[in-house]
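Input: structures, listed below.
Look at the two complexes coming up: subunit A is in both, with subunit B in one and subunit C in the other.
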Partner chain A sequence: MRTWLALAWVVVKELYRRKDFYVLFVLTALITLLSGSVTFFEDTRMVRYLREVTLLLIWVAALVIAVVTAARQIPAERESRTIFPLLAKPVTRGQVVLGKFFGVWLATGLALVMFYGFYLLVGVWQAAPGSLALGLQALWLHWVMLAVVIAMAILGSLLFSAPSVNSTVCLVVVGGILLVAGHLNTLAAAQPGWAGSLLYGLYFALPHLELFDVRDLMIHEHAPVAVGPFLVATLYAAVYAALLLLVAWWVFRRKALST
Partner chain B sequence: MKPAVPSGVEPILKTEHLRVVYPPSRRGEAPKVAVKDLTLEVQQGEVFGFLGPNGAGKTTTMNVLLGFLTPTSGEAYLFGVNVRDPIARQRIGYLPELTYYYKFLTAEEILRFYARLFGLSRLEADRRIDQLLKLVELEHARNRLLKHYSKGMQQRVGLAQALINDPDLLILDEPTSGLDPLGRMKVREIIQRLKNEGKTVFFSSHELGEVETVCDRVAIVHRGELKIVGRVDDLVRSHQANLEQVFLRIIGYPTCLAA
Partner chain C sequence: MTGRTTTLGCAALLTAAVGLAAWLEPRSEAWRGQRARADSLLWTLLGDGRRLFANHFFVKADVYLHSGYYPSIFDQARAAYEHGVGEELSMAGHDSPGEAAHGSEHEFRGAPRDWIDRLSRHFQVREHTHLEGGQTEAEILPWLRLAAEFDPHQELFYLAAAYWLRSRLGKVDQAEAFLRRGLRANPDSDEILFELGRLAWESRREADRARHLWNAAERAWYARNGAVHETNRVSLSRILAHRAQLEEQTGNLDAAIQFWTRVRELSPRPEAIEQRLATLRQRLPVAH
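And then the complex of A and B:
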């Protein structure tokens, strides 16, 4: 545990010393502030619209931070050759994968806390804070969903040669899952033969990231999610992230590294 | 005359019939045999030079010893532990030929990071970091980011990180390449100091004058094969020539051309 914590610390340090993270945060904060500066209370539809826009921005920014940061971790180590002094220490490749994963996940979590904290503060300032419990649930579910995305990007970084290709593929896949995965069973039912079976296969194999999206509940001020489904969702994400990391470790273990 | 391979003592470093074959990079090409049946032993307290022309298989052998590469056949051991086990690297220090470290960290941070990977306590890490920064004369720049370091300074950080765990075996890949005369002298001093402390040093170098000065024994490899292994003074005496001439004769280069 000490090893992957040390590795995670380096990832977090890198993220907060790089400028791209601040750019995304400032951009999102500016738009959030802009939306917060509009008078909400006379028109509830406007409040909902602005909440929707702000939460969408938070989702996009968090997704970009998670995917781009995770996708470059191991390729950057190999490209800059820092992987060699690292693996010459008593560190396994599994620990490298885990350390990188936890580092990016922690760093993304910190970014999410800032984003959601800012969103809630602006809400309080505008006297339309919404439910704090639901806000915390949304933050947690968003974060565990990103664990699956980060694990996917780390696996991708071991399969694709260029981080940019991996980032693009990951963003397209995650976007596709968020938009389409929930409807695959309906599509499968309408397809005869092997096409239907294939769609059913995909429906059951893909991680349903859309289940972690509770933005609508926040926008329309619904009650928080019940504890049971909340815990099941957390477990569901943990299982998928673990499976993806296991495959990543297996791929990395078989990779020959040559100085 | 002392024996070339001292017997009766457990070697610190051992390879047994090591063979590494790289798969062909293009269809139709033959696989490249980088190391052929290499059997070697290095005893405690020795400074051992691993010599050979470019492409001889030195780096490949080091890659196997450090666990970066799995041999096609044969085994390698450090302190009697198979190099496939990361524990084998607990008591070693490694300085790669080209030193690239996390440029967004300071010298102190990077040493602390590596100290944590070795499981050093905070107190012990503090003590070692102070000691090593003094040794490599970087105390004044300990809080400066590595991206602002010169090449020579980065090489010295490399040397410090290789010594962070007070290793019993130091593996150096071309430790003086790219260093100015002062830097070379510093490296020689450190090797000598380690030797006096009873540490084992295994290093590759093209600087044969330097090897002759600091090494107890050398091995010369050529085209993946071990050509000769023995004490430096014995080789020099038996060939009636300096180490450079011995080296050239062994790899089949006409020494009259070299002269």
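And then the complex of A and C:
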């Protein structure tokens, strides 16, 4: 446990040394503040559009941070050849995968806390902070969703040749899942024969990342999610993340590391 | 190559470039199509694609009005598939997908198909509420404003925003300013002129201004439609009926009778108008 925790801590330190997070955070803050300073029809009580803009930016920024950071972890170790002294120590490949995963997950968690803290500040500035309970739920659900995305990107980093390819593929897949996956059952029902079965298969196989998106509840001030479904969703994400990490470990174990 | 040759070469290339630019510029107007006449940066960048964004923002305003409880394009397609084409927008006898979402959630989502579907509904908006009271209706206005920004020639955006501003939020000046902005973009719009007339009469009680505006609306209507048909008579009838009411309320009974007579010719229920005309004719000798 201490081994992968040490590995994870290195990744966390790497994130706050790099500029990615700061650039995205400043960009998000700048666009939000600009949007918030606009008045429509001389009315200053409109807050929902600002919530929508801020949350969209937070989602995009968090996805980019998670995917890009996860995608470069193992390739960077291989490129700089630090993977060899690392594996020469009593560190297994499984611990490397787990350490990298937890490092990126913790780092994105810290970034998310900053982003959601900013969202809360914007709410206070607009005199409409919204439900704190729902805000905390949204933060947690967002974070566990990113666990699946990070596990996917780590697996991708062992399959694709370059981090840029992996990042692009991951962002396209995650975007596709967020937009369409929840409706595949509807599409499947409308398709006769094997096409319908194929869509249904895909519907059950894909991780439903859109489950974790409670932005509409936050924007329109609805009640928080009930505890039961909230826990089930957390378990659902944990199962998918574990599955993807297991496959990543299996691929990494079989991978020859050329000198 | 000497420095002089280089300088002369650069000067020659620069002259050729400027000459070519001057020759190409007027011709490029034809290549760029409508974008050459673009009057805003949005049009230059997006071309006709901005209309897609405008419609998206208009739908967004409707989503906000229903507090996020709104069928997606997939839900609408499912309704069309299960109930037949055209049914998706009138599932509960309403005019818009948002209105069709009234009542229980099953109205547009149907029963959950599987456990993932059932679970996902806990994370979606399940309660159908409207923005009502406390001037919360203002939340839809940014989207209407954006929609009009992206497609200034869509009269509906101005009319919808003006309705909410004037009738629900009591912002008459803002409604008028926005309608005037719409009129500048659509100078021949009978709908916007009619709405400006309503604003002048119903909110400001300025009868003369309302008369002028409704006269202009009527002229614009004839300029746009030419003759009265089964499909276009409602909008003309509405202009004339409002004008008739104005004349009635300001005591110009002769003019009121004249306008109600014209409304009767357009109305699908002329007997109701006839009763009104009879009452007015009874009042006429008293007024004289």
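To be clear about the criterion, the second predicted complex is superposed on the first by the 247 of 259 C-alpha atoms of A that agree within 3 Å, B and C clash if a C-alpha of one lies under 4 Å from a C-alpha of the other, contacts with A are read in each partner's own complex, and residues count from 1 in each chain.
Here, contacts are C-beta pairs under 8 Å (C-beta built on N, C-alpha and C of every residue); 3 or more make two chains touch, one makes a residue touch a chain.
Because the structure is a prediction, the values reported are computed rather than measured.
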Room on subunit A for both subunit B and subunit C (clash or fit): fit
Apex subunit A: angle to the C-alpha centres of subunit B and subunit C, given in degrees as a multiple of 10: 150
Subunit B versus subunit C as contact partner of A:H183, first or second or both or neither: second
Touching partner for A:A233 - first (subunit B), second (subunit C), both, neither: second
Contacts of A:R48 with subunit B and subunit C, given as first, second, both or neither: second
First, second, both or neither for A:D213, with subunit B first and subunit C second: second
Partner chain(s) touched by A:P85 [first = subunit B, second = subunit C, both, neither]: first
Which superposed partner A:F204 touches (first subunit B, second subunit C, both, neither): second
More subunit A residues in contact - subunit B or subunit C: C
Partner chain(s) touched by A:H222 [first = subunit B, second = subunit C, both, neither]: second
First (subunit B), second (subunit C), both or neither touched by A:D20: neither
After fitting on chain A: smallest Cα gap, subunit B-subunit C, Å: 41
Interface residues, subunit A side, partner subunit C - complex: 40-43, 45-49, 141, 182-183, 185-187, 189-190, 203-204, 208, 210-214, 216-217, 219-223, 225-226, 229-230, 232-233, 236
Subunit A-facing residues of subunit C, complex: 64, 67-68, 72, 74-75, 77-78, 81, 113-114, 116-117, 119-120, 122-127, 135, 138-139, 141-143, 145, 161, 165, 169, 171, 174, 178
Residue ranges of subunit B touching subunit A (in the complex, touch as defined): 59-60, 62-63, 66-70, 86-90, 92, 94, 96-105, 109, 113-114, 116-119, 158, 161-162, 171, 173
Complex interface listing, subunit A residues touching subunit B: 2-3, 5-6, 9-10, 13-14, 17-18, 80-82, 84-92, 256-259
